[in-house]
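Going in written order, the chains are labelled A, B and C, and every chain counts its residues from 1.
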């Protein structure tokens, strides 16, 4: 059913049940948000998306208010802008500012810093500098001199895992990570603690991450709007390796990166290709590149071998997060899940073959993987599968630092391998894309009923069915 | 328990019961509560940490809570807090150096007609004066 | 004494033993429940909703019967009645007073509501600090169950554990479900999706205690008491600088002067009244010489004041508003659930500013920031508690600007 309404003086038609935010977005009216996460239930906690709805006593959060027939909404009045700015300033009063200095917000050190120097170096401490949603809004709303005393750094950062790192000082309490960790992944690690000024996000029971039920899927990192949760960076070490004459580096670029990289670099959708990133990788100084397809094919072959030899139902996975998840939550089913090499592990094996062929001594070869899945970073750290596994944000920062501009990079024609024609379950055993939905994907292939989980929550559902003995599937693929 | 109450139906009361036994809610208690309720431990801790009556850290031997309601505040004046500081050696929000005393604010106790009120180790004392304070402690 | 109390909710106070159901029954107790059960449900709700016009006594003044009919028409077999006894608003102690004197009238009111909306479950949520009322209610429920009066309603008491936000109905529901007491988005309203996702009626203790007498004496009787738009009585919890602090129940056409001067005996000897904070810490002030105003809900609202929970905090001329506001803001900062940014961070900053006033180092900037925060929070906060957190400040500044100005650096 359609609803007629007015937003900012523009008569528009919206679907009944839509929120004001969605209706506005569909009509190119942008409303600022910090806690809103597409496809998830609204939190309405950041209060930046508030809009004026005629007839309402207070401003309404547009992310959580559904449209009504004849509704009159204003999204950009002077009062709204003033309120949003004050809300941002309130956040910033507790936010350690170590992002791009020339936009440094009311920094206590601002007098000491020469803005010229900042313009030249482009290098700041915060992992989200330049790609931070909060920083972006601060610029939009001209938050520069804070009317409050700046108080940053009240809690120590938790780097106990050396992969997923949490800096509570940068947290703006949007709760996206809480939602993902608890409701999508059902890991139930991240939780809220206390209230008022003590209120913050902690690992389960306020323990260090290393002693928590965290399975290192890294999905929280992907949704954090600021630098409060991030993967440990190894930019310096990586650049040192690629710049050393006596080290040969072998790289791989995963196509899963493309969307996020386009987004971070402000490139139009579809304009980026793996080849471009490979070319950029060469610019950094990476010596050899193995194509993603080659590694995927190797992983798939392993999985096919498992499927061929096993009796139904067979549960397969090549995800590091799934391995950790099963260990902690489904210890009784640990023997039921058959693991095969992740693409990153297969890559490492292929590198070994390459090194043999080129007669390179093992210790002189370093491996670099560019991937969108943060679990790879954690696996590299814990199981030493590759030397460097980097996600889109880290890569963005490397390019920024070294002056590589993806928009102006010419694609190199990298070797591409076609999928092996002998693969029967090619689609099932290959890379699986993470999503937020509650139910696994079910399909039929060669007369077999196959379930593919796209997140840990779906994986948990499938495992629970197995535990209860009522799983109808022949093949189950788990993914984190 | 009487009147159709399942004893552990309410997570808060279960925690308060355990707190009465142990003086605070220990990490083991939180795990026990989570298991009894069939909820993740992180969720149980999250809930319990929200409520001010539930202590997730071991308190001092003598824990004094001073009501911060407006009625108590106007009845207290600063005398009472000065006296409290003299006896315990700590300001509100502090623990004494020897770890014996701990003074905190608590929310309105709903006893505004007999202000000022304080709570010592869970026991309510109404119409407290400078003189009765040392007796109580 | 010219002004008399009109006792409906407190009709049995001091007359019965609160631990004895026999006393209550001898005083005519549970007759209303029996009569209600002979009335058709829709008729009963219609009576409460339109004829008696009983409105919520917790602070929002919402039509009680409207909530009942909403929950009744909601689909679903399981329905909940929740009685809100999380009396956390500073200066309010009427619910405790009702229960300590007559827990049975609350239970009877709840059972009538449960019959009306066909509820299977009823929960009385009592703040954890109220140990004695919790014991009295549990005892009362046990006795009522013994007599078979609760029927098939699963009635029980939930104790809270220290949280002011629980007074907000959706936060209370979150707490009942075993979570953090955080307010939820409305809609869905509790009458559609309340406790455990089931249709739920949430009413205040005082509201429920009025129900038996309405059923028993008829809607005409009730709607003729007090102000026609907010009929019946209201209990005022009077505290502060008065001779006789306590609870007083008056018809709603009384004036604030009746409560303070006549019943509570006026200011303590040798003092005059400077201001009254009516409704609790989230409400504004009234000048001491303006107390000749009606306490009716709507007329107060028109005057820009609010009845709130009926708390009456009397301040004499020796009281400094800045110190009052400092207490209130620190209280709210401690109680903020932290969910929304303006409340969590705004109160923190507001506390720092008001502390400067107390230290005597405040500047014009501090005052402007407090006013700006007050505007922001009133319009942007998630729940009414955040929206009202700075109301006391803006009202105090409006009425007594000199208290603030004399503490500013010249």
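By definition in this document, contacts are C-beta pairs under 8 Å (C-beta built on N, C-alpha and C of every residue); 3 or more make two chains touch, one makes a residue touch a chain.
All values derive from a computational prediction rather than experimental measurement.
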Chain whose Cα centroid lies at the greatest distance from that of subunit C: A
Pair joined by the larger number of C-beta contacts - A-B, B-C: B-C
Centre-to-centre distance between subunit C and subunit A (centres being mean Cα positions), rounded to whole Å: 46
Chain centre separation in whole Å, for subunit B relative to subunit A (CA means): 42
Whole-Å gap between the CA centroids of subunit B and subunit C: 24
Residue numbers of subunit A (touch at least two other chains): 192, 194-195
Shared-contact residues (touching 2 or more other chains) in subunit C: 163, 180, 334-335, 337
Where subunit B touches two or more other chains, by residue: 43, 46, 50
Subunit A residues touching subunit C - in the complex, by the definition given at the top: 42-48, 50, 58-59, 61, 64, 79, 83, 86-87, 90-91, 93-94, 147-149, 172-173, 192, 194-197, 199
List of subunit A residues in touch with subunit B within their complex: 182, 188-195, 203-206, 213
Contacting residues of subunit C [partner subunit B, same complex]: 87-93, 95-96, 127-131, 138, 141-142, 145, 154-164, 175-176, 178-181, 237-241, 245-247, 277, 281, 311, 313, 315, 319, 323-324, 327-328, 330-331, 334-335, 337
Residues of subunit C touching subunit A in the complex: 163, 165, 180, 185, 333-342, 344-349, 352, 365, 369, 372-373, 375-376, 378-382, 387
Contacting residues of subunit B [partner subunit A, same complex]: 27, 30, 40-43, 45-46, 49-50
